[in-house]
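Only one structure is covered here, and it is reproduced in the block below.
Going by the order they are written in, the chains are A, B, C and D; count residues from 1 in each one.
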Amino acid sequence: MATTHEAEALITSHDPHHPANLICELCKKFYTLGWVTGTGGGTSIRDGERIYIAPSGVQKELMKPQDLFVMDYATREYLRRPPVLKPSACTPLFMAAFTLRGAGCCIHTHSKDAVLVTLLCEAAGTDVFEIQKLEQIKGIPKGYGEEKKGNLGYHDRLRIPIIDNTAHEEDLKDTLEGAIKQWPDTHAVLVKRHGIYVWGKDVAQAKTQCESLDYIFQLAVEMHKLGLPWIPK
Amino acid sequence: MATTHEAEALITSHDPHHPANLICELCKKFYTLGWVTGTGGGTSIRDGERIYIAPSGVQKELMKPQDLFVMDYATREYLRRPPVLKPSACTPLFMAAFTLRGAGCCIHTHSKDAVLVTLLCEAAGTDVFEIQKLEQIKGIPKGYGEEKKGNLGYHDRLRIPIIDNTAHEEDLKDTLEGAIKQWPDTHAVLVKRHGIYVWGKDVAQAKTQCESLDYIFQLAVEMHKLGLPWIPK
Amino acid sequence: MATTHEAEALITSHDPHHPANLICELCKKFYTLGWVTGTGGGTSIRDGERIYIAPSGVQKELMKPQDLFVMDYATREYLRRPPVLKPSACTPLFMAAFTLRGAGCCIHTHSKDAVLVTLLCEAAGTDVFEIQKLEQIKGIPKGYGEEKKGNLGYHDRLRIPIIDNTAHEEDLKDTLEGAIKQWPDTHAVLVKRHGIYVWGKDVAQAKTQCESLDYIFQLAVEMHKLGLPWIPK
Amino acid sequence: MATTHEAEALITSHDPHHPANLICELCKKFYTLGWVTGTGGGTSIRDGERIYIAPSGVQKELMKPQDLFVMDYATREYLRRPPVLKPSACTPLFMAAFTLRGAGCCIHTHSKDAVLVTLLCEAAGTDVFEIQKLEQIKGIPKGYGEEKKGNLGYHDRLRIPIIDNTAHEEDLKDTLEGAIKQWPDTHAVLVKRHGIYVWGKDVAQAKTQCESLDYIFQLAVEMHKLGLPWIPK
């Protein structure tokens, strides 16, 4: 672990784009959107060899840089650990996005519309959410690497895998990693009756994808109420 | 009653964590969430031997520390009484949470989703709201004391008792106390066609539980509209 | 009309409780609540012999004291008229609440839930909205005068008359006045497919009643979707 | 292209009514309304011979004047082009409103209720959204020119044409121009499964019309859920 002075320097900056400030700003916004209500959800940013992580069990809209954990990417050791707080149970899941997909930011929300979509899929007996022909689908990347550059098109089908929830959040690690491998193009995994994990190469990409997906989930729930199919005939 | 000077000192502080400032801050937030619309709802904090209580019949989002009542916990006498305001009719109900459950903060909201849940339970002929297998249930404590430490698990069933409403809020005291005794683990009681009382050992716990419950009520109402059962088969 | 200097003095004050500042503050809040979207709605305050009125056709959330009209109560002459703006077509309707009911503030919103309630009543063939046994009904006054002091009780039935809409807002005057006389206890009149007029003895009463009613309309619409009757059997 | 100094002067002003400041302010508001979530949507203002345009693919609520493109109206050449950003794919569509209808401001949103309305119309087999007898219809202009001065009346039928979506936004140009010509009175065109384009002679008119339409779409979706027809019998 770093000296106290070094540890404090890791989260101290006047730059609003510093990861420690960005995480707090994002969590405030997510609280307003209803995604991290009642200490739910979490966010992590990878900044080179450092991983910044929001703590467990705190009021996300009141979070301050002092509340953050900072981990060394290579050694997985904490460079900074606020004494009274618990590390996020999402940590191994954030790490999966960083290591398996080279993500720079990973967001976990308890979005109600994400949960409802998993319930509707459960009732329909499927573990993939699929929707087609909505402009906002163009907010989601096609996949990874050179041959999958750019975002999905309007006519492409968006598919988000859904994994079962577990009693303990850290136990989602294996199935989340499994879903990431089984769905090599995906930038998000839904967790049944729980929420969603979304990642992107940087904060802007992770956050705007998370917004685009939530917008699509909201539409999907309303479409279901109105008797409109997710895949047009 | 305290001297005027002492009474003013009770509610005067630059510390945002002082109970007089916290209650105002909470009520502003609850107004934004639609929980204390049109002077509805209320909040009380116990700070050692002092009970801070939001007054009756005021616009909760405009409330100032000067508007608060302060009561002595042991004698139930007001240490501070704003001359033009009426004490909250919720006072005996807040006291029930403080005395019977050792709460440090008690929140009463008129949340629309809480009301709808009581109406759906009424229509179903039950006086207990029950739901299972939602991650957010983990935001609610298991019960009280050493053997019930920690929060409910994902597989546990959340049960919130519902009591009948009365013409006068103070008349809820006996049935609320009855529900607290009948449901020794509960941290909340729903009031039919009215709202909810939620408490916790401190402000953070009471507020985040209140948020978690409201999140669950919102989901429950939407699930009902979508034909999804609250208890999975 | 007053001299320019006198006219400006009427709307210039650092006191946030001055009617010119209050109207702007209220309209900002109403915009956030979705009640005065797209220049809809309006608000008026009676301050002794002066009537302050929000202008027609402006973005209500951007309104400034300089945009307000001020009218003399006795003579109905404008003491202040912003040169480029049009007086509100609601003016005769606000005056009805001031003269017939001694109101101190009258609010007109285009609340979507108010409109939906009028549509549901229209479909049910009734021109009165009626609901019973909701705690928030206690936010509405019983009537006028000594023998009707205080607010409705939980068991009382809330009744709000609905009048037909007209092509021109000012033409609502006769039917609104008719409804006020036919329903001598009412503090509000719904306008079919249009919105609501709500008044109270002062700003706080008018605004909190408007909020309580809108809360009740939101519940009523949701109850209808969930198949729950407005009057319990 | 202008010199760097001239280009910067185009977007630098302390006046909140300067187009560069107005666009940023509008986009922040639209983000809060859920209209430009996840980099969706866009806005353009014509100020004499200059066209100000929000860039593509950015977080609209964080946009700054420095992010804006400025185009010369006559030559269609960029007077200012932020080096790292892409011009909006909506640009030819904004230009259609400026050239064919003399608009001063054009707004493109991904409003969920606009999308739902296009889906409901699609399901009903029509490519025109039609609704009648809602007060808010009076927020929409009758048409263009002297003989169509003023806004629609309460009894008038509001008609908004719906065009098919295309894979690439710029390919909407021909059908949008076609709809504008086929519907010479319209101030808006809905795009199926995508959103809406709304314009007006200035920012206030475009923005308040956009709000009025969205209010109407929200009502239309709720009316459909409640079994209430858009055109009263």
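In this section, a contact is a pair of C-beta atoms (placed from the backbone, for glycine too) under 8 Å apart; a residue touches a chain by one contact, two chains touch by 3 or more.
Here the structure is a predicted model, which is why all the values come from computation and not from measurement.
The set of chains in contact with subunit A as well as subunit D is empty. The best fit of Cα atoms from subunit A onto subunit B calls for a rotation angle of 90°, in steps of 5.
Per-chain Cα centroids separate subunit B from subunit C by 31 Å. Separating the centre of subunit A from that of subunit C, both taken as means of CA atoms, is a distance of 44 Å. Each of residues 225 in subunit A touches at least two other chains.
Of all residues in subunit A, only 133-136, 139, 153-155, 204, 207-212, 214-215, 218-219, 222-223, 225-228 touch subunit D in the complex they form. Residue ranges of subunit D in contact with subunit A, taken from their complex: 34, 37-40, 59, 110, 112, 115-116, 119-120, 123, 165-167, 191, 193-195, 221, 224-225.
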